[in-house]
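One chain, chain A, links the two complexes that follow: it is found with chain B in the first and with chain C in the second.
Let's turn to the complex of A and B:
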């Protein structure tokens, strides 16, 4: 759709437009309902819990899609409640790209009605209930990737086998790397980290195989890849099409991320609810595994 | 989920036969969408002699017809391939294209050769095959009986 047409049309509801009519704002200010909400917010502030600073990295899927015309505060709040309801049933552990994970999901064709897949997380993304991740492994010399929805009710168990971060946000280049970089044994024992320790960062550099590749890796600023060893013309062209000014574009950052105030508001909400869920989970762990459902 | 919407890049499928003679061409022979269509090269994953010979010769099986109305093969579809100067029927048991959540995506397009009667040419499948194919009925159950691993 033509974007300028979309905005200029008078039928756009105020939720989708980035300007509000003065009349509308004034009416809202004078309304009794508005004054009521302001009072409530003021009283609430005194008892509020503040979430730890790293919460938005631990639970990134709680932050909504920053695309402004897709936002709907009520839907976001309802989704967050649904996510919490799912988290009270199943333990969704902290994980990052580079973490080795095991997923047990129900599979109506398997003999035990269960399917287990182990792999290294190469991608994580999505917002709200549609958040997901991709696991990669090499089985019998064949590279396999499975994409999972984090909040899909068919997931029975999510297990972190080795909690670690890597140098990049996505490890899609493992597709072009030798197989040993993405091979994880299915019977891997979980690696237990000492409590209170920061998540370790694996600084391994991957040596990619020869071209052809899935993407032009020399044009991306990858930190976890060894020197690509390409002829000079590739780097020359990469420099030509690079956009080095983008990292200074504050407006772009603002558009592509949820702003700080709103992040804090959302994460405080999440933090309050997660406290209750975590105590429940601790109790359940102490009681031991219940009968299989 | 918009997790994997990234631009796919033109890419040749010559790496299917890494230990074989790689044909030198300066143009791409596969589409960016990684679809299985006519003239796509495919990897035979059963232990049939003809499949192995094709991989060693550097000319992997080539799809010459897809038996569905779309003309694009996906998991479980039957296709006709040209392999070592012969025409053979085959079933697709693994694809490279992006899949839905919970369906595995493989690093190569895998096929299992079958005879005209529907019996598999090989006796074993060397790689894992998607669990969702177990829901297939008819001749496909013969393929499932020679599979070693499901994921």
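Let's turn to the complex of A and C:
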């Protein structure tokens, strides 16, 4: 008997007695005498310009809706071209949920036919041309939220006043928090970040007001909220209705998102086009503000 | 991107982890199947269970290949999906190198038909590609050069040759008969 085979049989515990050691299997697998077929290796072309890996977080609206029956590759491509055309006219800056922004849009009923709203971005969503975001602020002691479409032609100027991320993907709980958390002055000066720095993450924890709330926040895994201080029964019920199996469901994730290869393809396309647009914008900025469009 | 066809919605498999076990039971069954597949490289089971487990196995290998063993999320996934922890090592050190630059899917699904006698249950075999076991569908042997086949081929050829010769002889006979009849007709008309 082969000595190594003898050793491996000794080492393998009783319950794996019907299996062979990985090493042995691999040796047989690589043997040219084995009857199984082999697939030929494929080499990938690495000369193509590819987007950085975090590009999909910077421009998430370029990814199409992953719902299978809503997908249409031609429409998606045409929409992406339209978005690029809009971006070549108006500067749409990088922003995230938690960023303080100012939006100037045309409004024929407003004095001067222009309206400016400043607020904190509490939600960002949608796909393609229908992508949008929500700004929240407190005006005269009243919480106000405005939903904007990112590619709406009536938007004149989008300005990022303070670029930062928060701990959660949505800040809808600010509706149930004291007003000081969502109050932003309208005359806020833009905060300039040093170039080349990563987007700062604001780790502030919000202390929510007393119930009743808009949603059952104890059932959502919120990171940016202080201890809710609810009676025990609320957490008990939250544990009952929780779906912990979804966390590791690889196929659920796969079905609910655009897969990596397709994302890479789309983002490479976007990256190539954005290079040209960014250089144009830099030139325009250097020339200074021209006549209003 | 997975290299296998998948259903657009997942099967619920309400009885996979025992009746009443719910979605957690389903995932537990899938974990067992994926672990068994990575361990034995070939498993047999109900078609719908095995087909569902196939996606998870493919995705796990793909993630391991894409992110490597230094990626925290991928390692957590491997830890969750592989119930026997020595298989985490096998996934990253054996399977990932095996499927480097692999053009097709990593697994193969073979339908076995339904169980009989009793309630018909479609069964299937799921295997990792490049496994060392004998193939599920046996390779057809090239038997053209076996003595019996050579003799049969020759006999067939000879038979055909005979047939052609007989046909040719018949044709010749017909032609000669026609010629003689033509001569007879012409002689009759001239006289």
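By our rule, the second predicted complex is superposed on the first by the 246 of 293 C-alpha atoms of A that agree within 3 Å, B and C clash if a C-alpha of one lies under 4 Å from a C-alpha of the other, contacts with A are read in each partner's own complex, and residues count from 1 in each chain.
Keep in mind that, in the parts below, contacts are C-beta pairs under 8 Å (C-beta built on N, C-alpha and C of every residue); 3 or more make two chains touch, one makes a residue touch a chain.
These numbers come from a predicted model, not from an experiment.
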| item | value |
| --- | --- |
| Contacts of A:25 with chain B and chain C, given as first, second, both or neither | second |
| Partner chain(s) touched by A:251 [first = chain B, second = chain C, both, neither] | second |
| Partner chain in contact with A:215 - chain B first, chain C second, else both or neither | first |
| Which of chain B and chain C A:224 touches, first, second, both or neither | neither |
| First (chain B), second (chain C), both or neither touched by A:175 | first |
| First, second, both or neither for A:60, with chain B first and chain C second | neither |
| Which of chain B and chain C A:109 touches, first, second, both or neither | first |
| Complex contact set, residues of chain A against chain C | 16, 19, 22, 25-26, 28-29, 34-44, 68-69, 243-245, 248-252, 254-255, 259-262 |
| Partner chain B, residues of chain A touching it in the complex | 105, 107-110, 115, 117, 123, 125-126, 130-134, 139-149, 152, 154, 172, 175, 212-216 |
| List of chain C residues in touch with chain A within their complex | 1-2, 6, 8-10, 23-24, 26-27, 39-41, 52, 55-56, 59-60, 63, 66, 76-77, 80-81, 90, 94, 98, 100-104, 129-135, 139 |
| Touch list for chain B against partner chain A, complex | 1-4, 6-9, 11-12, 14-15, 45, 94, 99-108, 110, 126-128, 131-132, 134-135, 148-151 |
